[in-house]
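Take a look at the structures listed below.
In what comes next, subunit A is part of two complexes: it sits with subunit B in the first one and with subunit C in the second one.
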Partner chain A sequence: MENIKNHEGVKVTKILRQYSMIIILVLIAVLFHFLTNGLIFTPINLTNLILQNSYIVLLILGMLPVILTGNVDLSVGSVLAFVGAEAAVLMQSGLPVLPAAIICLVSGIAIGAWQGFWISKFDIPPFIVTLSGELVFRGLTQIILDGKSIPINDQGFRTMAGGYIPELTGSGFKWTTMALAIVACVIYIVMQVRARQQKVKNGVPVKSVWVTIASSVVISAVVLYLSVQIATANGYPIVLFIMLALCLLYNFICNRTIFGRSLYAVGGNRKAAALSGIKDRRTMFLAYTNMGMMAAVAGLVYAARSAVATPKAGVGYELDAIAACYVGGASVHGGAGSIAGALVGCFVIAILNNGMSMMGASPDLQQTIKGFVILAAVAIDLVPKTRKK
Partner chain B sequence: MQDLILEMKHITKDFSGNKALDDVTFEVRRGEIHGLVGENGAGKSTLMNVLSGIWPEGEYSGQFFVEGQECKFKNIQQSEQAGIAIIHQELALIPLLSIAENIFMGHIQGKHGVMDWNLTYKNAIPLMERVGLHEDPQTPVGTLGVGKQQLIEIAKALSKNCKILILDEPTAALNERDSKHLLDLLKTLQADGITCIIISHKLGEICYVADSITVLRDGKTVADFPDAKSVTENELVRHMVGREMSNRYPEKHHAPEEAVSFEIRDWCVHHPEYPDKMVIKHANIKLRKGEVVGLAGLMGAGRTELAMSVFGKSYGCHISGEVYKDGEKIDTSTVSKAIQNGIAYLSEDRKQYGLILDQTISKNISLANLRRITRGGVMDLNKEIKETGENAKRFGVKCATIFQNAGSLSGGNQQKVVLAKWMFNRPDVLLLDEPTRGIDVGAKYDIYCIINELAAEGKCVLVISSELPELLGICDRIYVMNEGEIRCDVPAAEATQESLMHQLI
Partner chain C sequence: MKQYHSHPDYFKEETQIMKKIIAILLAAIMLCGLLAGCGETTTKPATGEDKGSVGILMPTKEQSIWSVQGNRLTTAFQEAGYKVEIEYAEDDPAKQVMQIENMITKGVRLMVIVAVDGGALTDACEKAKAAGIYVIAEDRLITDTEAVDFYVTFDLVKMGELQGQYIADQLGLAEGKGPFNLEIFSGSQDDPNALLFYDGAMGILQQYLDNGQLVVQSGQQTYDQTAIQSWDTEKAHQRMDNILSGFYGDKHLDAVLVAADCLTMGVIPSLESAGSGTEANPFPITTGQDAELAAIHYIKEGKQSMTAFLDAQKLSDILIPVAEQLMNGEEIKDTVTYNNNVIDVPAKTYDPLLIDKNNYNYLAEVGFYTEAEING
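Our next item is the complex of A and B:
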């Protein structure tokens, strides 16, 4: 067909819309850089931003697949608290870290499967099932903690969430971190080039060479700059690697596996997907089971970082994770969204929170502004579409 | 002069270039029951929608008068005030609310917007008696059968003091006894001075109940019978279908094999919500390779239900029967098993059941066979783009790129995407349900050509269609279905529209 173009046109408005959240992220970052006199990009603060948001990022990896199907999970804050409490109680009773962590992960999967069972087998609306879960697991957390906080003393466990990679050269500046950053950039660029070659070889339309070069250069520059900052402090946190590895894995699952495609198809039009042979019920079940597992991972990281399990842990985190996905361009109706987008959304909210704290804004004001930003972000996405109709 | 309660003059209604109504004149005398007949798409429902204000003034051209007064309705409320009530084929009742609440939906019984329950129930009872419904007015509507629900709709219309009652296919979902009851009720209401307009495919019913009959065809009034007693069903059929066949269909050179390749045996399906009702009764279908077979029937005859129940039990309950392919019994109990056994089902409603409108053409095409682009659990996206692009091209999808959303295409192109999707799975048996519904003439021709090509490749093709000329134009053999039963199996060359129509009704 001669009228199928072999080259995607580069239109400024299209790019602006496609990358609107990244642009907003950059603008917010620059804005707070000036408002806080550069405090936001100090090495210590950058490291803290990563550590503080690590569990939200982990929750996003469960939440995004659920949101892709057009639903949400309200129970994750409670499941996170429950798993943290479980870990504390198990370790207090003398169980070593590894078996305790495995038991926690398995129970997270079981919780997810329990909710997925009701949702996929009996078509009970996920909102109801997970609302029930929110109450049930918050209640169980209080029961197993007996209303008290239990400290976690195992150093190894705490290092997982709060520790840093060891510095091999022993100097003040963390050369190991820098070396890893450079390796990562090289791998990234090599993969970009290879992906482009593969596309060209298959006759798949590609963006112009300059777009590829420019985006590789910008991304590498940002990574290197941030890494220099982090290297002058404590170096890469260990949890960053857990996050990165899982983000790459989930990005792969969403884009390159049948399960991932099924999530998009079910969210886009469940009836049409089912009539095309997509196993819609199994997809729903797996999305919620995965959510339970990721809530457990986040619960372990959270407990390890705070070194204590409390009955009030993770209150409202489900909303932070949901908000990050929506701000990051996921559709409320399902069928659209990406891991990368949700991460951007997460850090838009994170920088907003962090920047306002540094300026001394009260938590009440922070919450108010955050609320407006979430509405604005989704409105940017949806208002042009309603106008078109 | 006759006492006309309704006069519609020169009504024309355009749907973006498609004339649904073309200079239609329609007159109804006071106190009569007037039958309105025609094929699907002849414009009957559109005409009634103009009358009842669903298409507001300005969206059609022409004039109409109720009791000599010219009407320019802007909405349904205004037409109701003028005494017109319409009961659609799809009942507009709220299942969880009581009979009384449904009857008075939209005009609450009470004062100052506060509902008076006692008054509601009290006022409901005489209306229910008028339509012969002997139930507690507090009963939720959802617990009643379709026949009784239809009566509630009539009671609802009566509560608005209607003068003209329009019924669109009132008996389509009813069994014979309920239908008879309903028709007799119309005669009772007629005695009370209510004028009725009844749209129906069932000519027997029309001849039984109507005083006069109008026939529409392709948006035009083709015949008017002021005295219904003088007209026969045959005459009506002739007027309904009497269009000339021209070369709207490509020439067919099908060379079907002798042996039967795909067979449905003794297939029975029950209604998913009323399991006592049998929707498909012991149907048998045989398809040969290289043959295009038609399945004719009226709305509600069970054609879609048959196809969907075969395709992974996507419809109905208590399904029994067997499916054979090339002599072997195959399992079609889930959609994915049906697909793996080489069956494809193209739905009559492509927007709801066929496509994911907000996703790209490419992703829509690969959806039914993601395994084809997957190796070791990993999808090869480049292969997807390459091969779905080839399929889009082969089926003549007109688009700027295959990365544009399926929803941005025209109806005909969307249908080609759905066909491309199924062909991506390389099926052996295609069940095409209304493949040309709602698409323009040119695109229809393209679809017919594709169907011919598929047959030439040795596929078994079953085409479900409400348009008899279409079936006669593209099929080798036609099954006629009526009320869930396969009535006959005729070679297309020997069939005429009239002969098929007799079997349909």
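Our next item is the complex of A and C:
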């Protein structure tokens, strides 16, 4: 037992490698900070970044589990549009928001279960099943909307995606937001310390205490800085809490539950997982059912944000979600990846989009640059690791 | 042999095969039922006289403009005594080529085509020409071929002028008022029409930008800088967010030149979340085209200022006589021409109709929307 050390050495290269995508995120942010004369870190733009990517983040929470199993879901853009159309039509017919939203969520789960059924029961390749879903639900969206764009007027519903938490002190600076930020930082630090104590107690190797302190300080500082900025504008958007709560929940599910660990096992080696008693079919079924549900949540948020349901909504969003997961370090072969990584990946792409838009780059140029940067970012992340092997 | 058949295993296998065949047949019947239900082919002639059939090829059902035009043209041709075949191509150029080839096989006399991609129909149109079928391009010119007989279009540049003139009128630019802040949202760079809209609008507004009556605070005013890829509503929403946060923290935006409603539908929610729509911070003047339902609601609520409508009635009034004259071999008078890189295509244009808060009910009158859709 001599080779289990109580303290792992702090190697700069190792840290660089482990956090390379976060470093890339910071570099891109700093680069655009200068290119746009600081426009990117203005309070309102930070809020915009959250609002503009809320539905992609929600899609990621469905897509990452699917990617962990080594597959993808091509239908999410269409399901998002379908659910948005459903919501608009239901509300137009006079149904109140809550029942309409519940019906939409249930139909999202049903859509996911439908796809999961064909995938898990009959081993039809997920690519085919979800390609079918992409066509079916785009078609159904057009049928529901009859080629029209249906407006959504309910203010309460729209607040979900575009509104802000109420300011309790009533002052211009959003103290409520700041209080929440401080509470969040305290909780984060406490959890870090307790996790470390737990590891030490169980004899699990831990990093140097300075790494824990440094990472806590850096993360708290970033959260507080961004929150001060956001608090000088409108405060935290409501959708941020929906996103955060779900992100924490899914992080927990992926890391700490039987279902979550089954995802990794099935993606790593499905046969071995099945032989060791993991219900691989049920895992696949649940992964796709969950994807359907999250596509519905994203669809509702998207519809609330755009205040309109259009037949063209969500075209290509499946690729945005998949790209964010891969950029964030998920493996194409399954079995590797994390919610946190995918979020970093999402915001790398988000800042790229936002920054170039601020600069007034033309769309054709934007696409070209975005294409190269995505490749470069993943290459910087992966090439050193591959070489090491 | 009897024993062979009655052997339980073989029997079981056979029933399974039978089951499969029955299942497949049932599925096939269901599909046929579905297809028959959604089939677009209308073949009842309105009069006894057989004038043959015409084909109508529309780009997509996703935008109501095409389904309304498709319906209107179908009715108009039927009233004139023709059978009508109509297809929608789901914005897929390859699918549209296939649909054109199918129409040729069916033996229509004339095709009205709204191209998904005007450059992708060269071969298909030449096949039609070889089969003696007349081709009328509608709204989007079919390029790089001489196999297009006529072009009926709304005036693209005039559409842009309509939008630009509306802004100039509302702001009182001709009377020298100003300076006002303007932002510009143009269409997709892969759509050649988008540039014509921009040019049309700029033909009116450029002089006021030059003399400082109009100021673009973001500095983004060229066609390339203001283009929105794929006419994407969400991209327009994001660009408006970004411009408002970056350049209008302490300034008021007075007008937004927006090329079409699908972009305005992104611009308006962005303005709303940035606090527009109050006494102190009224909505800027916003333009559009296509008369999308959500845009009509925005106009009704005073959030969007205007849109422009391609009146299918105006279109069919021009197009049906042209089609008949072509098929009867008569000369068509009063034409202009559009160059499609190979020939000058004879053409007729119809004017877009300006829709604002004073006349949006017209859309219910012509059946573009129902009364309930607009006022419900």
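Here, the second predicted complex is superposed on the first by the 371 of 389 C-alpha atoms of A that agree within 3 Å, B and C clash if a C-alpha of one lies under 4 Å from a C-alpha of the other, contacts with A are read in each partner's own complex, and residues count from 1 in each chain.
The criterion applied here is as follows: a residue touches a chain if its C-beta (ideal position, glycine included) is under 8 Å from a C-beta of that chain, and two chains touch if they have at least 3 such contacts.
Quick caveat, the model's predicted, so the values are computed rather than measured.
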{"item": "Clash or fit (per the criteria above) of subunit B with subunit C on subunit A", "value": "fit"}
{"item": "Which of subunit B and subunit C A:243 touches, first, second, both or neither", "value": "neither"}
{"item": "Subunit B versus subunit C, judged by how many residues of subunit A each one touches", "value": "C"}
{"item": "Angle at subunit A between subunit B and subunit C, C-alpha centres, nearest 10 degrees", "value": "110"}
{"item": "Partner chain in contact with A:336 - subunit B first, subunit C second, else both or neither", "value": "first"}
{"item": "Partner chain in contact with A:39 - subunit B first, subunit C second, else both or neither", "value": "second"}
{"item": "First, second, both or neither for A:83, with subunit B first and subunit C second", "value": "neither"}
{"item": "Which of subunit B and subunit C A:277 touches, first, second, both or neither", "value": "first"}
{"item": "Lowest C-alpha to C-alpha distance for subunit C against subunit B (Å)", "value": "11"}
{"item": "Of subunit A, residues touching subunit B in the complex", "value": "1, 3-5, 8, 198-199, 201-205, 255-258, 261, 264-265, 268-269, 271-279, 331, 335-336"}
{"item": "In the complex with subunit A, residue positions of subunit C that touch it", "value": "61-64, 66-67, 188-189, 218-220, 224-225, 227-230, 232-235, 237-239, 241-242, 244-246, 249, 261-262, 265-266, 268-269, 272-274, 292-295, 297-298, 369, 373, 376"}
{"item": "Touching residues (chain side subunit A, partner subunit C) in the complex", "value": "36, 39, 42, 44-45, 47-48, 51-52, 92, 142, 146-151, 153, 158, 162, 302, 305-308, 310-313, 315, 353-354, 357-358, 360-367"}
{"item": "Contact set on subunit B toward subunit A in their complex", "value": "311-312, 314, 335-336, 338-339, 345, 347, 352-359, 363, 367-371, 374, 377-379, 381-383, 385-386, 389, 392-393, 396-403, 421"}
